[in-house]
């Protein structure tokens, strides 16, 4: 399996953008994008996958310690502990405060469609200027308020390759995803939630965090051409353990080609920085790589995304 | 149906505490309390309730505007909008910052078991001093990290009474809950997630927010004796549209008797300030008041609770 | 002394704006506005007023409790107290976290010149669009980074009138300020820092906080025409105990006429929400209403203002 | 001049603590410690040093970018910019939000006396347990609410040594401070505010930030024995460009010996992380190293310290 596939030229990237573009497919004011692929029938079918009753978190513990991939650690403080004199009355409540600038490399979060502007446009061709200093006037995270429920399919590339993790810069191609499907006996289809594992978090656990940005050491991810497969398959949502990008980019002169194609062109519900270490153990025990998924972003008006804790239910 | 049932005396409250107390039932270090009632079979059975594939949020939109029941509004600011010159490069990301002291009357949240100390003790008899200025050393919200999934049963008291909402101070008794079960054709049982509707949020929508605290106008809730029913039925979790309490208290000299009994004595997973206005419409359409529920608190180490967005799936 | 002087018409307001406008007076890129009136000689003269060595804070305690004039209370939490076991080592540090959206009616703060846009323009005619979602690109609070030092002159209107405070809606005219100067034996002059007392805070202490905004009960302040006096006198900075505005406005159809004229037209360093209760006691004891003032805003790049604690030194 | 003076043994440190200890010197409830040395006369004398009217900030710009000495960057976001449609009315205000966990190595701040507990005690022998999860019940930063004003004396060690800065680990002795006094023609005396320059910030500007903690590369500072000199001279306050500490410590087995002696034993008003690069330029021009200083911490009840912007006035 080649791990350094041919880069995409700027011209090819433009063509790819056009091929996978869903603008106006679901009307000019659509804010759900590829979630439109998930029907009630898909959800009922997903529920049928619940056969043992186990649920597994796909989120990292919220990270309040600064590090090379965490320049903006979440802040978490007690408002009051239980150290106060009992003469304050019974019962005594302890409470806390939590704050986060959550679009970071080590915070498990989901992006709203407004998160990305490309050439001055948001998904569906809306103007980027709709996102002001007071937040997005459209395509905010409340488009997903009622949750995203469906069939999740994990494609585990390190498992396929027989390695612990992919190294930074390695790109996964359509061929390799198809090989993983074959090896695991699953097939990504219409309305599915695609869980993509590069082993990013396992590498992080074993080697420690690293700067995986464009200024740093990079990360493993998808080859840009995979978007064509996801488009053709009518995949509804994308949950990777990194953020899906191969860094450095394999699209010539284009940073974040996967984000641009998925979110901006396709309108795909995309998340960042999940962890599948608990999930893979359960998959191996259950001998299956498909399950019900429940995703419930916070209901935050004008949010550009949300911290969340997606779960797989077996 | 009497709406001002007899108050519970201080002595009766102590007896009630002992009767419903689950301390050491699941071992000295248990942190899951009544969630232990939910088995894999319960979860599989809950999944079978997914028959139409609709999902409904049970959360309020996050409330960033101060008000009589919101002295600590959540803070939400843009880190960057899309107003910056395009010479910053492509694509352009908009991001935001979110902060909350979430244990408030109008923030949909779930409590960790450590949230309440009574007579110097936490659930399971642990010392309140385990919750320091740096947060709880045990019983934090990560006990629920893998989500809470199960059968949800809504008991809709305004529907039973034929009113829009219960008025502040009105208490719901065991008899009334049983009447609601009968009227709706459901029965709360072992491992169930109990959704309790007083119409709190509908009142708020129609009359505007009010100070529902002990210093204010109060709210409708459960009579303390209902805890005995919940204990005997082995209910696993509690999701009310207020916070479950009747204010003023109907337990003599005891503030927050429902919290004390549920969280401190029983170790029950309890939430606050949900809204069921979207849910009741779907229940009427679906002609059923039971459904699958997915609850996914943020995975916050040392959290005393979490904002969340629980969903019902039909 | 008339307390309800004639209102200013929209046309008169426009003329007033032109008369007091300092745009381009100190060059097209000036960011210090009327602070340019303070020379080294003024500062040396101010220092000569230090004769007893007393210093007095002009700030309110930072207000973390929500109220009718505090919809956005400051947040203050411990990061760690001293409750942690000594095995963490010696010495032990307690630390805290502080957050504020400080442009509020009960937070003592100073405004940067960029704070106000009027008809699409900032002070000096710069475009309002220079203030993006990432903050002001010019006229931020760092223009005052090296502090504002000079002669402070308090004009105490309740003292002149023989009342405890002015009532909401009452406006102070040029004639009344001149009468106060006479009564106190001081005269506001070039380069001076003008402390203007309506007794706002004393009213707040005695009657409790009230909603003093345009939607609420209002507040006492300056008549718009006073700006002509301040302009002619070449006053350098303005420190009021409310925010200087009379609410409701006495300028026809114009909200915040004083802010517009002072900050936008004149480029005056203006603060909000000081308290002079400790100051007036010292003034009476010292029998003088002039003193050295030291103002040191936080050195916050791209700040639209700053919380601060100005002091008077006698 | 020796730059690696003899270390202080644990026993010598205990003796030093006793020698410089001011507990109960100003009564059992004193919260001002060595600020008691500053009399009205000292302040008047300090004001006489204002001869040219220049003022200079001693603060770093507030640092919102993470780095090796900034694991907890301050957070600064716009609440609203000026990008909103003008139909929101005139004038338009831009506002921001600011948050900080400010006791960090690159945030210019002042410590409250409660900041440090040693062997379970605060300054004046108060119990460390007075600092709870809700903040200090005594010795908070409001003890300095009315500002600290006095004569500042800068001792510039790199100037004495003819170097750009001191290297991490280098300790400055009493002898060297006396040599600096001689070279600069000044003498630290009773009630003075001591500005101590190691060139920490110049090194930072030229070489970039480094981890200067006990786990990192360390920093230059005072030898522990200097505390005896500061005690004998009755110095009132301490403003260093690092935090005064030599790291690694030159007191055997004791971390932060300077903080323990200054804050805990002496009750000295101490700040951290100032910068004197602008100041030294003015000192050279003015040919003097003494000036008036104005320090105005935010008036934050229960604050363990405060960000601030101290200024020198010439």
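By written order: A, B, C and D. Residues from 1 in each chain.
Note that a contact is a pair of C-beta atoms (placed from the backbone, for glycine too) under 8 Å apart; a residue touches a chain by one contact, two chains touch by 3 or more.
Since this is a predicted model, take the numbers as computed values, not measurements.
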Other chains in touch with both subunit B and subunit C: A, D
C-D compared against A-D, more contacting pairs: C-D
Between subunit C and subunit A, distance of the C-alpha-averaged centres to the nearest whole Å: 48
Chain centre separation in whole Å, for subunit D relative to subunit C (CA means): 28
Distance between chain centroids, defined by C-alpha means - subunit A, subunit D (Å): 45
Touching two or more other chains - residue numbers and ranges from subunit C: 75, 78-79, 81-83, 94, 97, 99, 101, 132-134
In the complex, subunit C residues that touch subunit B: 65-66, 71-73, 75, 78-84, 94, 99, 101, 132-134
Touch list for subunit A against partner subunit B, complex: 39-44, 46-48, 50-57, 59-62, 64, 75-76, 78-79, 81-83, 86, 89-103, 108, 114-120, 122, 128-136, 142, 145-147, 149, 254-256, 259-260, 264, 278, 292, 294, 296-305, 307-311, 313
Footprint of subunit B on subunit D - complex, ascending: 75, 77-79, 81, 83, 97, 99, 132-133
